[in-house]
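Scrolling down, you'll hit the structures one after another.
Shared between the two complexes below is chain A, which pairs with chain B and chain C, respectively.
Then we have the complex of A and B:
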């Protein structure tokens, strides 16, 4: 569609090929009131080993974008257009069988609510063993050969090693527990261990720390960052928390009402936000010590069944011009790989 | 687990005691003079009085209750006012005949109910799903006595495939009579090598069993389907899908086990439904089981027999539900 040029050649290293390219992703749900256009031309690249934050308000389409990458949204009552390129493969069109070889193996995902994303009627041990048998059969055989142990022992010792990596202790006991018997922090560490078993090229973290309390959150963030550095995994980090994005991410993509409105390096976007929405978001972050009333972006996310014409943000924008009501802004590539979709920066 | 079993067992005993107490006081509040019924028509007042003393009905209610409970411990439910035989003996004769129908119906309803539910959920939205949905909603809505009559009309009257009623053809009762070993006619005929009677008895059971299983099958199938579809929408299924587990494992292993817990509860409830239905079905198919026996007991105000039947059915129901609870506990560790 109109903005296919977004960060084609982005840093960190402009010569490096992206591992994942989302191109002009459109997604609409058929609702009784009409089609809700949830995503409208989402474009971004994810480069090897980088951490890219996808930030935005609730309802901006972050999670839908993440789930669309692995084609996890049920097919009934949805329409999708666009491409999700992983290497040369378009994940939206390849067969279910082929997708099965990528899901969990080369692209993993961690979800928002750790306890509800673990099957409640199987032990943690059962669930991790299945994935170990699925992805590490070579390692199991290796271990069986070296230590002359049984298949079960080999799987268990790998499980112990993997759970140790994410900082879990007392694993022998833990393997016999169920999801309802562990804390949120433990459950999320466990989920991260599961996601990293296959040493994936990409980890998608969909609000992975939002349901945890702040101290646990900090641990998990550090853990993810370290592990991915070691395993050379790129992370797509979806969050509504700008603070977290600033802490661990290399680049930030800001999403609003189904579109990415600004992409830049973390430092640049925090120092010099260009899009009026990004500015509003940054102003709305509460600061300690300053006794000022909290700022916010006025208005709410528009109804996506009948989205506003032109720029989807114009009704909440304090710098809206005539053209904003009529035309959709294209993504403009400015210096330092700073991309923004706003008419303010069009010459 | 052991603790859980012990707790369930203690609960079971308490329930049975409560049940027998309720049954005792309910039947005693029924109108009618039991002693007069026992002795029969045209009895002299002193004969009735003698019967009253003999049955212990002249004592205060609380003493009678104590005696009743003591006797129950020895499997003694008193003498039937109608047949003048020990109620326990009567029941032991009738129960197997009904249970033969009940167990078959329960087995078929469970097996096919769960299978149809799983198939419908797996092919959600397809023609198969619609067919199963149509069939099961009809199965749930049709009244059992009406269904039984329809079956007789179609399979006996028009097609002539199955016998109208009874347990066995009357001429076979003379040529190859049933031997009473366990009371289950199919088992007895097999044990005694009486194959002619075996096929005849099986043949007679088809229609009553069909009338019994159709409703519960519909209920179980519909619940299995909706429970599975609900589970397949859960976060943990999506998370497992995202971690590359195949759709088949997701559905038949991870999904099904989660979905079965409510299904087991309904299977337990189906036991009650089927037991209740045997009352009509035995009437319509002239099947000499517990339903037939209780109806006769009700008509003649045979309160000892009624107490026996109620207690027995209650016991079966409570035990069935305890078994289902234990099974649920096994497949779902969250149940405490």
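Then we have the complex of A and C:
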């Protein structure tokens, strides 16, 4: 079990500086019915070389969090407060030009549907070469100098090398194809290769394997795990599948209605979930070979235009107390870096 | 066990591919080839496989929504494989379908009442003046409130929309319902709600289900028997309880190993199945799975394996299933569970 993906020792979180700090991120959209408070006080850190899972139901604000990190949500329609610190820079306030040097270069993103996030009118070869020319000009020159080949040949050989890294074969043929001509698994691997060309410090994977089959998903997950180990890339893995979180992630952050309710190391959170929502979520997961009846959290996610007062989960919580209706729970730091926002644990 | 409600005899569904100038197909996409299957009354049969293996086409072919190239479909003893649309109508009411995307399968311009009355019109037992009463009853069955009846589909959440789809399917008083990835678009907690509702309704109305999904872990909760499909063929049918603990076909085992388990202590690595799903226009010779199989031998690429019974209602299609079974290669060791 030496190379087991789950037995990897995670780094002590306190001794390393986080690459990304999301501090008290608030985001609201203006809708005809009023302001929808999509994110409310989201806090988390992403450390180098770790895979952090962000899990939650549809509409809990996972994708919005990811998009706000890269400032991808149009400014007109939203109101944002808080900070997204990448090093010393706050990504929410820096200029568009500066953001351009970070987006796709130092922080890149992989989306859910691979075929629709690849330009359908250019061949796969054209798109990858464009990125190589943009980010790896030094490497091209180096290669041109060493092997005395043309620019085009140099770009192509780098493209091959990069696509090989993500486990693609028959690359020569593939470079001439369009997005619609390759399978979902191939397209997603190609997309990951594109995201990694610039050797980013952070890779955000927004439901990157949800559209794929389990067999293909297993490939992609293993690939991401290896990349994280070899390339020193930190991965923010957004998913609704707790199985994935258990298999490849070092830490798990559980999101509910725009708030992060619990953050802990994967093993701890699965063994000892503290927040009532996390418990309910874990019980609803079907497990192979364990035929217990599925239970579920009653009710649905609240309307964020008029969210419940106090703790946003209290209306569905079976352990709700008086205080839950009145006050917002703060994030409590318990032992072993286990953070939970719930009054049950307040002394 | 009871008699079979639906029996399929070597059904094929081929779609023309790459038509020539005169409209004659040069080749065929063999979405379903040579499938024989019994669906027993009162059971929930699961159908799993990767995308593009023909599961949905098979589900649709049973309901005669997809063309049937050859073969026989018997529904309660009647051969419905060759009936035309007019004669199929009474059978259509008895066989319903619930689709993956609830939003797309409900007409956005119709109220829930209109949607349900449209289906109720097929139910000869309900008089027109009783539609409202009946619709309220249907909504009650799926845990929705009577005041929801004049709302439009977009006013509901995904889980509620799927429940409306189930109510619509029940409106015609069916015997058999096909759920085509009916819970795939839902969250785990909502999925669990919909599934417990499905089971409840099955007991109440003695329904028979065909549950199509790519999610293996849900199968055990929903189904009594599971059929595994690969490249247009069904390669294994077994009881849901034993299928994933003791699979008979190497593909079932590979599929199971690729499922991420929500337990970081399981100590199990994701199994990687090499290669890609074959194209249905040009499936491999012999056993369709042989290019990706770890246990293949010469015969696998030459001869298509025959159906071998392994139990009363279970069978497998593999040349070496007996050998693999005796060696115990495919059985999961205790610690991997």
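In this text, the second predicted complex is superposed on the first by the 330 of 347 C-alpha atoms of A that agree within 3 Å, B and C clash if a C-alpha of one lies under 4 Å from a C-alpha of the other, contacts with A are read in each partner's own complex, and residues count from 1 in each chain.
We adopt the following convention: a contact is a pair of C-beta atoms (placed from the backbone, for glycine too) under 8 Å apart; a residue touches a chain by one contact, two chains touch by 3 or more.
Values in this document were obtained by computation on a predicted structure and should not be read as measured data.
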Between chain B and chain C, positioned on chain A by superposition, is the outcome a clash or a fit? fit
Check the residue A:145 against both partner chains and state whether it touches chain B (first), chain C (second), both, or neither. neither
After lining up the shared chain so the two structures overlap, which partner does A:285 touch, if you call chain B first and chain C second: first, second, both or neither? second
Between chain B and chain C, more extensive residue contact with chain A: C
Output check: A:58 vs chain B and chain C. Expected answer is one of first, second, both, neither. What do you get? second
Looking at A:191 after the superposition, I want to know if it touches chain B, chain C, both of them or none. Which is it: first, second, both, neither? first
First (chain B), second (chain C), both or neither: which does A:219 touch? second
A:345 in the overlay: touching chain B, chain C, both, or neither? Say first, second, both or neither. neither
Shortest CA-CA distance in Å separating chain B from chain C in the superposed model: 10
Partner chain A, residues of chain B touching it in the complex: 125, 233-247, 249, 254, 257-258, 261, 331-334
Residue numbers on chain C that touch chain A, as the complex places them: 50-51, 157-160, 187-193, 195-196, 214-218, 220-221, 241, 244-245, 254-267, 269-273, 276-277, 332, 337
Using the touch definition up top, name the residues of chain A that touch chain C in the complex. 1, 3-7, 57-58, 183-186, 213-219, 221-222, 240-248, 266-267, 270-271, 280-282, 284-291, 293-297, 300-301
Could you list, by residue number, the parts of chain A that touch chain B in their complex? 67, 70, 72, 74, 76, 96, 100-105, 108-109, 111, 113, 116-122, 127, 130-131, 134-135, 178-180, 191, 194-195, 198
